[in-house]
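Same chain, two partners: chain A is paired with chain B first, then with chain C.
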Partner chain A sequence: MFIEKLKEAVRKILPEVDVVIGYRQGFDPLHATPYFLDKPEQVDQLIWNPLCVQNLCSYIPFLKGKVGVIVKGCDSRAIVQYMQEKLITRENIKVIGVPCLRVISVKKVMAAINQQTVQEVTFEGDNIIVKIPEGPKTIPSADVAPRKCATCQLATPLQYDVLAGEAIQSNKPQDTFEETKEFEKLSLEERRAYWEKEFDRCIRCYACRNACPMCICQDKCIAESRDPHWTSQRANVTEKAMFHMIHGLHLAGRCISCEECERVCPMDIPVAKIKKKISMDLKELFGYEAGMNPDDTPPMYTFKVEEATIEEHEI
Partner chain B sequence: MRVGVFICHCGNNIAGTVEVAKVAEAARMMPGVAFATTYMYTCSEPGQEEIKEAIKREKLDRVVVAACSPRMHEVTFRRTVEKTGLNRYFFEMANIREHCSWIGEDKELNTNKAIEAIKLAVEKAKQNKPLFPAKFKINKRVLVIGGGVAGMQAALDCADGGLDVVLVEKSPSVGGMMARLDKTFPTVDCSICILGPKMVDVSQHEKINLYAYSEIEEIKGYVGNYQIKIRKKATYVDWSKCTGCGACIEKCPSRNAFDYFNFGVAPARAINIPFPQAIPKKAKIDAQFCRQFIKGKCGVCAKFCPVGAINYEMKDEIVTEDVGAIIVASGYGLIDLDKLPEYGGGRYPDVISGIQYERILNASGPTSGHIERPSDHAEPKTIVFVSCAGSRDKSIGIPYCSNFCCMYIAKQAILTKDHIPDSRSYVFYMDIRSPGKGYDEFTRRAQEEYGVQYIRGRVSRIYPKGKKMIVKGADTLLGTQVEIEADLVVLATAVTATTDARTLAEKLHISYDPHGFYVESHPKLRPVETNTSGVFLAGACQGPKDIPASVGQGSAAAAKVLSIFSKDTLESDPQIARVNTNICVGCRKCIGTCPFGAIEEQQLRDGRIIANVIETVCAGCGICNSTCPCGAIQLQHFTDNQLLAEVNALCLT
Partner chain C sequence: MSYLAGKELRIVGFLCNWCSYGGADTAGVGRFKQPTDLRIIRVPCSGRVNPLFVVKALLNGADGVLVSGCHPRDCHYSDGNFYARRRLEMLKRLLPFLGIDERRFHYTWVSASEGARWKNVVTDFTKAIHELGPFHQKEEKTECS
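Let's turn to the complex of A and B:
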């Protein structure tokens, strides 16, 4: 059983670190929740299944001491990006890598079962079987996987100290930013109308920001500050849009496309779309993808008189 | 808060297209404005008095002057305001001339725009905080980069003024281009005879420390306190031993080295001394031509050197010097002949450049001053000079005039007649540019006394025919085609920036124009200053110029340095970045983007690591400000909130 391998890896690492971050079952069988453990007897509470979606790396920059963390391929880009930005000391982090081909979106499952109470969840082959009051419902995992899994290239994490299980290769096509390009074909007015409608729902709960592994300012975020006073607390679309533009731009060349922001949004606002557009531009302009190589320098966080990849205008 | 607004007519410059009275009226309505008035010339003495009186009478605590660009008069008004006891950063300037009256003719639109500009300035002024400069000690030593005539003049003037001078020259000898010239216009006196004594002075002056064959590796610091790393390139000859006797050169078997000093007119040896009067007169090996380096065996020079100075193992050496100011006098370059294929440049040996001809004319040059053409060493009888060879030619990216070619062509034509009385010289020109003192008389003498044939027109083609070069061109005055059978063709190749001008500029943090020439702080009023305080310009690195102009600038730059060094301390500009320790999350992004390396990590008592700006290094560029995600690092006097106040004034009201 895979979970036994994972537990063994955690047991082995536990004496070397102050805390290990993993997953255990949440308030119902459909929800996995982060679990911080520091005693061997806690290890048995750990779970591993496609519902373990949350990127646990987000906690690392804020923890002192040595930390062990369970990391999927997509999550591992956060580790790499932290390394690029010198936000962690890699030696202090023990990465327990887990191979992964697909996770499952709780929101999509809930939609598929019409928001009914979940009594039990099991996995069989490529299906998830959810037991609801009216009986078990079998849903193909691919139908309820988050968008990012369809083009995921990182079945095995980029960084790990121990790998639970065998390294595997991704079998997905590359992301070609089709959705973004389609969206860009809309007129300015259409795009504005789209975003005004979406942002209008935003309640500025900042869940998107808090979940983002790269939003390291947290309570110092300028969305809530008076000095500097970039946004006010007024509840109009302009101010909400301003916050989202700031969030997007602060992630230019840093967003690792984990799409945690969108996953956690209680109002179902497609906020990852903004970041995706910026990631696409950064890739085109600088040939850069965040969180891929620890030796890269994020293009927005260095000073060059001339950019190698951008043609200067003649004066 | 009581803001006073002073609107300047600037004679008719502003009042001509802006209704200043209406602007004042609107200003009076702005929140916080206690007083607004107009004045004919606010920068004049009575104008400044009026500001001072109004501050006292109206109890103003912020002042806005709506006039010209702050570039010129911001300092003036800051001083005025300060004299009344207000902090000088409580002053703001609205540019309603360059940004307004000068660029539009519609009076109503201009007036509205002026009102808006003032609205921004008033809002900014209300947000301004008092700032106080710090004082720091000056290191009264000066670095001069480039030992051409401009750099040497600057070095000598500084040294005579009592300053320690570090002179860094890239080539093995000082002298620059002037050391290569035969005679100089318009007096036709021997170039090295007037330059030589200066070169000797440079080498003997106890206040001048010369690093020849050296380059600037790195520049750190700021006006008053620079740390310079200098790369002393390996010469493979121990200069403390070398006497310049030349025994090594005579015996060197590698006889086909490129002669940089003579622009390849004749071959040199792999070990060489550039010219007889070189300072320092020391030998160096060009490793790419030396058999010891190419084949791993030879050692002839080492064998023949009577003092054992040869050292094939020598490595580049880095030395550090601390200085307080820098004069850049790195001179110019010339375009390669092969950039001029229509003139046969680079293809035919008898099509040469002006500087090569200068070497041929020179008594200490490779031909000992006998004019002979490269192909068969015959004495040429018909010589054609082509001016503007590359200059004023947009198609090759050189739209500017090279400044001194018209003059040196006349000089070279005169000298040719002196050397070969039965010769004939022709000059193809676009127009003759000779505005200097005695210059026009000089070019006229070439034509009238020396019979030089000036043909106004462009050369279309140059090609060989037997032993002759056929020069085809137009005579636009006669409206005919001309064809001259020449023995030698001299092209006045265009002046360019030096190949490493841009790299050096980046090390110095000074700007350069699209052609690589350094940009002065003001084309008329600050011709030798740069926008980086403590860095000055002299000579042709700023743009093509002849010897008198280069020397003048050398002295001017020296005077500037002496004037800033006349004080013992300097005031630092408080408009620098500062970190709010409560906000900084220690993400270090600012450290990565600061182009000046002005930000370091700092550990707080609670163990948090945050950013800290080194006050004296920060140049106030503001890049960190736009990098910082949480706005912890703010450029003083240009904080986010100050700028947002302006944006809000413009967009929200």
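Let's turn to the complex of A and C:
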């Protein structure tokens, strides 16, 4: 059983570190929740299944001492990006890698079962079987997977100290930014109307920022500061758009496309779309992808005297 | 309301202290005739210009934003405008994605001696913004009061 291998790995690492971050079951069988453990008897509470969606790396820059963390392929890009930006000391982090082909979006499952109470969840092959009062419902995992899983190249984490299970290769196609290019075909007015409608729903709960592994300013975020006063408390689209621009632009060249922002959004605003557009441009201009190689320098932290890809603009 | 209301648009210019601000001064000393829509904000270096300055200006009432610094390799702080170039290029590409016409934002390089070039930049940019018209047509939605 895979879970036994994972528990074994955690047991082995536990004496070397102050805390291990993993997953345990949340308030119902459909929800996994982050779990911080420091005692061997807590290890049995650990779980691993495609519902373990959270990016646990987000906690690391704020923890002192040695930390063990369970990391999926997509999450491992956060570790690499932290290394690039020197936000962590790699020696202090024990990474327990888990191979993963696909996670499952809780929102999509809940939509598929009409928000009914979940009594039990089991996994069989490539299907998730959700037991609701009406009886068990079988849903193919691919139908309820988040968007990022369709083009995931990192079935095995980029960085790990211990790998629970076997290293596997991804069988998915590369991301070609089809959705972004499709959106760019709309007219300017349509795009503006689209974002006005989307941003209007924003309740400025800052969940997208709080969940973001690269939003390391947190309590010092300029979106909440009075001095400088970037955004006011007014509840209009301008302020909301401004907040999303702060979030988007501060992640230029740093966003690792984990799409946590979109997963946690209570209003279903496609916030990752902006970041995806920026990532696409960065790849085009500087051939850079965030969180892939610890030796890279983020493109906004450096420059070339002659920029081959940037042309002067005419008015 | 000033008598220019309706005729004039709001254009914000971020100019670096060492080159473009000097260039604008040279244009003034040379008594070149320029449109008066541009309001200049002097910054130490084009590298000081956070792309969010531009976004904030555009979202809060500006019809156009112009950023100007020293020519590449001429930066007073040797590399500020190289960083600015990367940042502003990213912003230039992002704005149309959000439905803001990219022509409303322009970044360029003007040195302190290029008074005539400055005059042309201001004239052309102001003309382009007037062709696009005001950015904020309708009054903003009712706010929580």
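Following the convention adopted for this analysis, the second predicted complex is superposed on the first by the 302 of 315 C-alpha atoms of A that agree within 3 Å, B and C clash if a C-alpha of one lies under 4 Å from a C-alpha of the other, contacts with A are read in each partner's own complex, and residues count from 1 in each chain.
Simple rule for what comes next: contacts are C-beta pairs under 8 Å (C-beta built on N, C-alpha and C of every residue); 3 or more make two chains touch, one makes a residue touch a chain.
Please read these numbers as outputs of a predicted model, since none were measured by experiment.
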item	value
Superposed partners chain B and chain C on chain A - clash or fit	clash
Partner chain in contact with A:R191 - chain B first, chain C second, else both or neither	second
First, second, both or neither for A:M245, with chain B first and chain C second	second
First (chain B), second (chain C), both or neither touched by A:K86	first
First, second, both or neither for A:D281, with chain B first and chain C second	second
Touching partner for A:C217 - first (chain B), second (chain C), both, neither	first
Partner chain(s) touched by A:E307 [first = chain B, second = chain C, both, neither]	second
Touched partner set for A:F183, first chain B, second chain C, both or neither	second
Partner chain in contact with A:A112 - chain B first, chain C second, else both or neither	neither
First (chain B), second (chain C), both or neither touched by A:W230	both
Superposed model, chain A: greater residue contact from chain B or chain C	C
When the two complexes are fitted on chain A, the stretch of chain B hitting chain C, from 26-34, 44-52, 98-106 or 170-178	98-106
Touching both chain B and chain C, residues of chain A	230, 300, 303, 305, 315
Touching residues (chain side chain B, partner chain A) in the complex	506, 513-514, 580, 583-585, 587-589, 592-595, 623, 627, 629-632, 634, 639-641, 644
Complex contact set, residues of chain A against chain C	183-184, 188-196, 230, 234-238, 241-242, 245-246, 248-249, 252, 274, 277-278, 281-282, 285-286, 299-300, 303-305, 307, 310, 312-313, 315
Contacting residues of chain A [partner chain B, same complex]	85-87, 216-218, 220-222, 225, 227-230, 250, 297, 300-303, 305, 314-315
Of chain C, residues touching chain A in the complex	51-52, 55-56, 59-60, 72-73, 79, 82-83, 85-87, 89-94, 96-101, 103, 106-108, 121, 124-125, 128, 140-141, 143-144
